[in-house]
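Heads up, the next two complexes both have chain A, just with different partners, chain B and then chain C.
Let's look at the complex of A and B:
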């Protein structure tokens, strides 16, 4: 049987050596030629030919904007770009569902030769007439960038004719990775902000940025802040509405989660309106509590009682949560985890969350982390933890086996790899089916980890079955 | 219950500039899937890295298997100056690190439009010694603005034959089977039937064992299945080709015919009774042998199963959405069950050939049939609103319509991202027909029971 996964050294491109780091006194993987002094190279294009887990600019823009439920989202390009992003994320809406339809100009060979502007114009007019959206986003794709359609001009024309915002999103796929797409999305959204009346917005008000309402998560977070006495002006973009975004400049504070996706928007808002922002995470107990305390701290001069309300929420929620977590911890103590996620911010929270379950993180990596992210990661990880940027399946599986982990946390492409290796998996990405944010999210996360790590199915996996048999034989021999 | 697709009006207006809720996807993913059916093959997407990520994710969601593929990772620079240096670097990197037997390069809208000549770049890679001895690079042109995932599959099937078949030497006594864009379980089933007929085959491609492999505790980039390079090299020596599914297989079969004088018969996909009969008959002709008892037994079981439940099929209306090859065979099967396939939509631009064929099959059913090629699910939904069927057959995306209109759905086609089974159990062959009957009967009778008031709720059907 040929096994392409076992040897570790050959699975790493020499050029990638400085995208891998091992913390502290290195054990095992330290001899892989990995970056020894800490200076992880990141946010650079993937190597040609690497089986990278990364996506493109269009993908980044699409995931950020698509949860805006009463906007029209038209993909200007061949059918694939629209087909692969059709309702892909499970971003929930409490009202309109227009975002869950897939609209595409479905460019054909003829359009590539003669240009697709007329088609785009016709498509926009027809869709706006039929669906009466509050705004329209038009996504540019690779091909549109190459044939040179002037989507700005078409958007401007339709916007004037139909009297609604029609916003071009410059998300040509080849422009870079998802991060470039986040920026294009934020630029488009920034054109909406500041275009509606904010006279009735409370001085005690916030926008929630960087949450996409997967499994209803933004409803949980919104509820905490409302219980603290704050007005939530806009949720960006989970359960998003165009009119709310138009008013978002009126809020006193922006809360930014998932720094990659919406931080550019927060920065634009800060520059233009002097609107301050705070970086927060809603994953795990400490981060969630901190997210409430930081906001209370910000508003304490305007509302002296707000900190008490925040403390009361934390006390109530954590009081109910901790006994439940202890139950899970009994089974999970000492188990090992590997984390490979889109943005590094999520990794921080996950490391802390695993500690609550008595688990150790042996491998952590991301697709789009920055240098600062990785430095921060290295600081909080246990010695011997492997840190990787923009990894690939061979690398990941080799590290997972070397560290003998019990659970892998990743996205859609990593799930079957984990299962093939005979270990548990938790989707912390588009396909999460449970709310993982907030205090209730920590419970759900623990439940999900417990469900997969303790599943009896792994007993049937040959490696573990052989191990169990060996132990049984050994015991027999001793007797 | 609130409607998810509440934005779909009943009235139909002609659309030229717009596709809503597609019933197809783009060529490259079909090429990637076909490439996975070669043993030791690493598919490669010559374009932006998003294309590759999307195809891998979609195939992963459908098969619940790891899908590996490389990408040329185009940047703004390569889009201006051409992707040659990216592809050359990629070929070298992939052979060095991932050690595939074959790299199967497919193009994308981006690389096609900027004018990259992939065969020429592959030649250059070869001349520069970037392709190790005994290893291969094949390619197919699959711009996303032409055809659909089905034609992308067909192009790569032709590409693997063109790239690997060697000049005729001595007859190998085998038959080339081009199974079409079907599931790994279907490919295994057509091979099994051939084996039972005593026919030795080369299945091009063959994803069985690749995209439905076992859990072993190891991640294998190249699972055990797949048609081997040696078999592909030898396919010019076969005594004939049976190609199933015009849109997915005809090009490759015709190439073998014109280039290497391997005669081909192009059949429908062997889904359902009649189309499986045609496949078995083709095997019988080639093998020059009688159909063995075992196959007759399976056929008899399928007919038996239909007879047991024929009263529940009678004039039940069905709406189908999917790929042209599948739709033709399924429509034929439904008509033979006395059902009424009334709305039939494929997203693939399949032309008059498709619509005429459907019209021919449904000519005598005595009911108005709507058929559309290059259509979408929005139109499909509108037709369903105008004349409500008893059953929908389609991929996972059809579930929005099924929910809104409260119609049972049998999942068939690509992609299926919310149920299990399509990887492991065929719908081709007589046994596949039995599986379809099981699914259809289950869907229809479950619905009948759900809706039955206490007094007419029956125990026995």
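Let's look at the complex of A and C:
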């Protein structure tokens, strides 16, 4: 299959060759001069002139803090940075929805020349008066970093005048990639923690970190934990509330999903309050079950029955799920998938999820994976799988063509690449509207994969039509 | 019976300003930033790649925004400045970036737009490009067009127009024996849909006028399925045609809200002596008439039968549909140019525009709205440039319109107001087929009219308990 595919070497920038790796015996793509070992050169700045799928520091901060629904999120900068992030994520709230408004200081030329501090001050005051938030986050964007506004000072002043936390987020876009933005967001959030009473918090209590409640996912997870008998103190940040974050230091354990986004927060909390944390993933059957078992294990001394309850939940949910998955598997067995996601943690879960469906993962990549992530990926992937860091459309399209995949899992920026080539697609990013976490999420995922992969439209696409014709010709010739 | 409520509503005049006019912040902007407009223009040129000189985030955000509307790939390169370059200047990244897109995209033109960051640090792009050409003169260099698009002065529409103007200024060759005057016409349609561009092409063809449409993203942002992913999509204004724009017979430019100093047509006229015909965007009967009239003049030939018939059919539809919509009240928002066209259309068909809102701020909106509907309405609508969605929502609540026209971002406002939203403009992120939607000329006007009438009927039908299937 790979030998008559387009050779992929030409589309790889030489500077990027060490950000691509092929596992096991080289099949085609192995000759790209790609990384020989597992030292993918990740976490480096995007290359000038390449069309990176990456966003900026600001974007990272915005992702993390955005779901805090009763806070005011003010973007200090020109209009674009705020406009492009208005309500683009499906982070749901069970109460207030202040987060769904997009506030900007909408800096004008005058402000850029004379400084934006006065405008920022006025904007904060008028918006706090209008919306009465529980706290305010002020995001710096690139030009704010350049014109040198003292955001800290303005925030401090407003905070005192209005008696509420006003927290600067040092998220100037050029400072780095999303990861730097996560750090900045966690730092800002950490200032909230530890500022409220925790006397009524149970010893059997947790915070759920790194879930943004897309399509109500955090409610699914929260329900599992509550059925196990745990008190959920704060959900960080999906369906987030300022007051809950203020008392999150009272919880016995932090559960961190996605090692990128909120891990810095968990680390800060560990340093400051000795609060332990566990890394979990809620995607796919094994990881979801493992999360519940790990948590039960943690609390089993305090509550000996907790493991039984966790097992009961898993048994009930998986029992209902497996027969349904078998149905899907019948149609999906042997199909191939490509994965390109923001954080590498998700890739792990997806690889396992695809195995349940009888599918093979031929390409896996992420925007912000670390060296350890890629090592682990290489270990669990089938031989010949392409592993790639911070890719771009040209590369991705060459890879998915070469591997002749049936589905591409990615974010909205990847969708046109798949669709242009006539390949199925599943949105696994922050804009998704489907609940993909938990056991129910595995069902939804399988359903979505099934819907796209088994659609009859692919057979009419030139890529497949040509192949079908070639096969038909072959058969005729042999007859 | 559902009409009982609408009967009570007598048309209201402009309302009092209900929100604080002295607010300095913006909530839910009704505009996007300048480089987005410029990127779309560069995407509409053959073998060109849009290139943002600034940090990475801006390009990625804009790509995603544009992709969600057109449902097409949209590559925007970026010079990806980091903290160091932001301090010491982005020149080296710009040059390296251009070399990279030359190599990997085989771009024949690079359209470079600045961003807030590079404008603020004061990178002199013209000078940097000059240096670049000297340093790499031995290579086969692409055409380099640059435009200054700081977002803190203007919206995506200013960026769009600035890019068009920059191309008109930087691409055409002087008129010489090798580049002689020709019979072709330049068309600068502004920010319209790919379908509108295709329709424009047909019209010029039937007038026997060779046309250069700038930009032409009718294929690059609404392409066919491919066998192979293309580095740069096929289509776009041919670069050879751009070079000959200065030798054209005339330029037709749509832009009622375009200042002369923003006009690409004016540049072509001043620099190369190409006569400029500057018209409002042809949405609605009268604006379309003006356009076809101009084409007849330029071509020196009468209206092709096909368009005379389209016009006749439209008039027929106006009669058939008028009763469903007469006296209904509408809120219109979006880009200034678009809302001027839509307001004209509404006034012509008997709908009363009560609020005309835009995030743009050309200073021309009031005057142009008065021009398109002053003779048709008893009272002019409330015209609100430089407004955000927070205020639009506020006003809409008070006005209780029967109908709202605008882009996707007003969905919640419309839902809360219980009024149907006819989706027009950019972005359409919550419906399918935006690229194939016509708005311009008689056909586009017809299509808008049909959608408006149907929106009103649909609402009436849905609200009616009888479930009638006959109107």
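Definition applied: the second predicted complex is superposed on the first by the 461 of 479 C-alpha atoms of A that agree within 3 Å, B and C clash if a C-alpha of one lies under 4 Å from a C-alpha of the other, contacts with A are read in each partner's own complex, and residues count from 1 in each chain.
Here is the rule we use: contacts are C-beta pairs under 8 Å (C-beta built on N, C-alpha and C of every residue); 3 or more make two chains touch, one makes a residue touch a chain.
Please read these numbers as outputs of a predicted model, since none were measured by experiment.
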item	value
Touching partner for A:97 - first (chain B), second (chain C), both, neither	first
First (chain B), second (chain C), both or neither touched by A:196	neither
Touched partner set for A:447, first chain B, second chain C, both or neither	neither
First, second, both or neither for A:462, with chain B first and chain C second	both
Chain B/chain C common contact set on chain A	11, 13, 45-59, 77-86, 101-109, 111-112, 119, 122-123, 126-127, 142-143, 145-147, 173-177, 393-394, 397, 412-413, 415-417, 419-422, 461-463
Partner chain A, residues of chain B touching it in the complex	4-7, 9, 13, 15-22, 24-26, 28-29, 42, 44, 47-58, 60-61, 63-76, 78-79, 86-87, 89-94, 97-99, 108-110, 113-114, 143-146, 148, 213, 215-222, 347, 378, 397, 400
Parts of chain C lying in touch with chain A, wherever the complex brings them together	20, 23-29, 31-33, 35-36, 51, 54-65, 67-68, 71-83, 85-86, 93-94, 96-101, 104-105, 115-117, 120-121, 150-153, 155, 223, 225-229, 231, 390, 409
In the complex, chain A residues that touch chain C	6, 11, 13, 45-59, 74, 77-86, 88, 101-109, 111-112, 119, 122-123, 126-127, 142-143, 145-147, 172-177, 393-394, 397-398, 401, 412-413, 415-417, 419-422, 461-463, 466
Contacting residues of chain A [partner chain B, same complex]	2-5, 10-13, 45-59, 77-86, 97-98, 100-109, 111-112, 118-123, 126-127, 130-131, 141-143, 145-147, 173-177, 393-394, 397, 412-413, 415-417, 419-422, 460-464
